[in-house]
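In what follows, chain A forms one complex with chain B and a second complex with chain C.
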Partner chain A sequence: MLKSSEQVRDRVLVISINEPRLEANNAPLFRQILLDRIEDGYQQIVIDLRNVQFIDSSALGAMISAVKRMAALGSITLAAPNAAISRLLELTRMSKVFPITQTVDEAVLRHAG
Partner chain B sequence: MRPADGHTPDRSASESLDKTHALAATGTRHAATNMRNTRQGTQLSLQTVVMTFLAIIGLGLVILSGLAAQRRYQDYSIYRAEQEQDDFRRPLRASILELDRASVDVMRPALGIEPDVPLDERLAAASDQLANVIVGIAAARGADGDKFIALVESVRDRIESLRNRILEINIDDKQRIGMSHLLNRAANDLRQLRLQLVDLAASPDMTIGMLLLTSDYGLQVHDVAHFNTASYLAHVVDSLSAEETSSFVFLNDIKNLRFSAPTFLELFQASGTKPQAAIWILPETIETKFLPAQLAVASMIKAGENDMEKVATLVSAAELVADRSETLLQQTSAARDAYLEARVSQEWRQLLLFVGLASSVVILGLAVGLLFVKLVALPFAAIQNQMLRLAVGDLDRVAPVRTRLKDLVAMHDALRVFRAHAIRRERLQAERFELHERIAEANREMRADLEAAANVQQLLLPKSGTVGQFRFESYFRPSSLIGGDMFDFLELHDGRVALFQIDVAGHGAAASLVSVAAHLEMWRALDGASDTKAVMEEINRNWWGELPYFTAILVMFDPESSTGRMVQAGHPYPLHVASDGTVAFLGRGGVPIGVTGLPEYEEIPVTLDPGDRLIVFSDGLYDLRDRHGESFGEERLEALVSWLARTGTIDLVPAIVKHLQDWADPEMNFDDMSLVIMERV
Partner chain C sequence: MPVDLAAENSGLHLVVARSLDAIGPTVMKVRDFALAYMNEISAAEVELALAEVLTNSIKHGQAHAREGTNITVMAEAADGWLTVEVLDNVPVAPVGMFELITEDSLDFDPQDLESIPESGRGLALIVLTMDEVLLNVVADHFSLRMRKKLPTH
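Moving on to the complex of A and B:
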């Protein structure tokens, strides 16, 4: 069970994760949620990380496999990562894979625009 | 941190399960034994309760019946005693009657009226009756028996001496009067004795009382009539001989005779007792015959006349009273006999009835008890026994219970259902044990496979030591037997020294296999590689998109050069520890292998002067957590290494590892961890 909530804003699906840690034990669930939404036809997804304190390589892998599944024009934006997550994203240069924004609004705006 | 080979739960799994099963069975047996002990010790069995209940009711009924029977026996004894008393009562009464009549008859010859029955015969009869009284009293064995017998014997002696005197030829009138007095006194003595005997045998029965009263009445009338007659005759005889007129005291006696009759009759009416026929005739005889005759003699004496016809009338009236009295006494005696006979047989029947009732209650109680034991207690005990057997795991066939009680049949049926359930449960448990055993076997095999794989992985890792001008020390700890971390340090064919480390996302067997594949790819790419950036890009290019991504770091030094090149692919920034103890993170980061087609890796220079060290490690170190769930993280690692910066390379690895172990929560799962220290020597 992964605590999360979803809402669609301007045809952008915002998935808010309400778990303090995204890691090996819940990464498969997280991955499945993302793949299901892509299967449902969402091509613009924002992952709201406001309430997440830590992510590990498994969770990163889940997001990477999800983005690989998307069509050429689709994208996953990571919004509002904290300092530790930002450090990981920076280390792994994930800005080359995912757009990263400081706020959810910014992410939605970016997709809608 | 959890040791990799410290815990092997599957090896003795089946053994411990068997032990658990045995323990469970022993526990149940103990429980059953305790249950039985408790019941015997402090609780009552159904049998005891019901039997006690029956015994109390039965005992109550037996006591009640016994009390009733005792009461009946007492009454029976009283009536029997009454009957026995008649043995001396009646001869006593008969002798009194004889003496009364004799007291009159003794004077009749003086008046020329010869008695119908010879005087000697009457006295002999009285004497004989007294002999019977003595026998009767002796038989009754009363408390004062001897005293009474002595009294009766003295009276009898007096009668016998009178008999002798009567036989003498010349007896004058005065002697006859004296003898009449003696006879009268003897009769009075016997009456007194009779009064004492009444005290002796008082019985609580109205009918008996009334019958005694009737005979007393007859006896009294007889007494007064004869006493009066004798007194008048004495006076007549005396006046005939002495010609003296005595004063009359007799007239008052007339009232006495009259007085008693209505009293007795009214008593009879009130008591409801059926009076004897003669009781009506006796007062009438007195009123119509005796009292007029007595009055005539009294008037005659008063007038100083001498009319022998009147005297003869009085004598015959006295005889009539005697006859009527005797008739009454006979009737009374007959009634008393009949009554006592009836009461005795009735009391005897009732006594038998109650004794029979008490016996029946005892027999019925025993029968009910036996029936209860047969119908309830024995089947109940059988079911109880089978329940206890079932409780200790004895699943033998449930024996049929012979009972007609619906409840017990239901209990027995339930017991059979319990047994069926127990058998099914046992079978399921056996199946579960078997399944568990198979799983344990599969687990053993899998573990053996993994251990073999772990050996292979360990063999692929380089041994600590010196390569070129560098000394290498390493630490490797997979989260399970095998892990997704790999590293290697080697001298390339052109003399360059390379160090690389790989961390495949995830851990376990899959990550391990992927890491071996990555390791091979790294070797292949290093063979003839120009620089680190080219190596990484080649690996990324060739990496299969279907496989998980991995992070990597590659460091290369030319021979004899203190400056090398390094490229990071998502791998943690390595720590540079200068020989003066300065610690700094190096690197610019980079995309992990297998994430994107255009990673654009950046190569940066690394300088290692002699004594300088480079520490590369997987992110498993950062992900360690303490009891509060806090990650170890970059800052703590940097601080730790700074603190240990003066420690020699050989001791540095165990020092870091020990610190990490002390800090981390031993209960927490951890990721694969590996660490390599490269020192320029």
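Moving on to the complex of A and C:
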């Protein structure tokens, strides 16, 4: 079970991850949540990382899997990563794949606009 | 939870069960130890590198049917370096792989989504977040030593 909550704002699905860590033991659940929502037809998704303190390469893999599934159908934005997660996203060049915003509001605006 | 066998303040000596659930508590303990010597971003890099090593070790251990065995993690700060050593009886990484990793190892073509790998970043992250990585193999014993320079004051 991965603690998360979801909210639709301006037709944008915001998935808030309420786990402090996304790593090898819960990355498969994280991946499944993302793929399920894409299968449900959501084309604008924001992953709210406000409450996440740590991400490893397994969790990155889950997000890449989701963005590949989404492909041209829509887009996925990563919102509010902390400094350590931002450093990981920069090291792994993820900013070339995902828009990254400092806040969830900014991400929703970006999708809704 | 990892068991700490080290005397207080002399470093860490953790015995870690071969379970993915053991990774979080272990790496947080090492990060907290590192935080006494370096800033949060550097300590988080140590945490990430160790998480990647342990994930590899545990997954390889499952593949080698070594579920019942433990992994040892040691950390110390001395002579201007923070050193984290992981001891295991299965390969923590393929021999010779670390030497092949460069700054470009994580590059990909962002225009070609399908070509972006979903896994395989762990070893590169270990090398790119630590200042030195050395894998020692003697018979069935694997030792991965990672070092990060401590800030000078």
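Heads up, the rule we're going with is that the second predicted complex is superposed on the first by the 111 of 113 C-alpha atoms of A that agree within 3 Å, B and C clash if a C-alpha of one lies under 4 Å from a C-alpha of the other, contacts with A are read in each partner's own complex, and residues count from 1 in each chain.
To be clear about the criterion, a residue touches a chain if its C-beta (ideal position, glycine included) is under 8 Å from a C-beta of that chain, and two chains touch if they have at least 3 such contacts.
Computed from a predicted structure; not experimentally measured.
Undergrad: Quick one: on chain A, after the overlay, do chain B and chain C clash, or do they fit? Just give me the call.
TA: With chain A as the common anchor, chain B and chain C collide in the superposed model.
Undergrad: Which holds for A:A71: it touches chain B only (first), chain C only (second), both, or neither?
TA: So A:A71 only meets chain C here.
Undergrad: With the two complexes superposed on chain A, say which partner A:L35 touches: chain B (first), chain C (second), both, or neither.
TA: In the superposition, A:L35 touches no partner, neither chain B nor chain C.
Undergrad: Looking at the overlay, does A:E90 come into contact with chain B only (first), chain C only (second), both, or neither?
TA: The first partner, chain B, only.
Undergrad: I want to verify the contact counts: of chain B and chain C, which reaches more residues of chain A?
TA: C
Undergrad: In the overlaid three-chain picture, which partner chain does A:L109 touch, first (chain B) or second (chain C), both, or neither?
TA: After superposing on A, A:L109 lies clear of both chain B and chain C.
Undergrad: Just chain B (first), just chain C (second), both, or neither: which does A:L2 touch?
TA: The answer is neither, since A:L2 touches no partner chain.
Undergrad: Just one of 260-268, 548-556 or 602-610 in chain B runs into chain C once the structures are overlaid; which is it?
TA: Comparing the options 260-268, 548-556 or 602-610, the clashing one for chain B against chain C is 548-556.
Undergrad: Do chain B and chain C touch any of the same residues on chain A, and if so, which?
TA: Touching chain B and chain C on chain A: residues 23-24, 54, 56-58, 60-61, 64, 68, 84, 87, 91-93, 96-97.
Undergrad: If we count contacts the way the header does, which residues on chain A are in touch with chain C in the complex?
TA: Of all residues in chain A, those touching chain C are 21, 23-25, 54, 56-58, 60-61, 64-65, 67-68, 71, 83-84, 87-88, 91-93, 96-97.
Undergrad: In their complex, what parts of chain B are in touch with chain A?
TA: Residue list for chain B touching chain A: 503, 505-507, 545, 548-549, 551, 568, 570-573, 589-592, 595-596, 598-600, 619, 623, 631, 633-634, 671.
Undergrad: Tell me, which parts of chain A touch chain B in their complex?
TA: Result: residues 23-24, 54, 56-58, 60-61, 64, 68, 84, 87, 90-94, 96-97 of chain A touch chain B.
Undergrad: For chain C, which residues count as touching chain A in their complex?
TA: Listed in rising order, the residues are 20-21, 23-24, 40-41, 44-45, 47-48, 51-52, 55, 58-59, 106-108, 110, 113-114, 116-119, 121-122, 125, 128-129.
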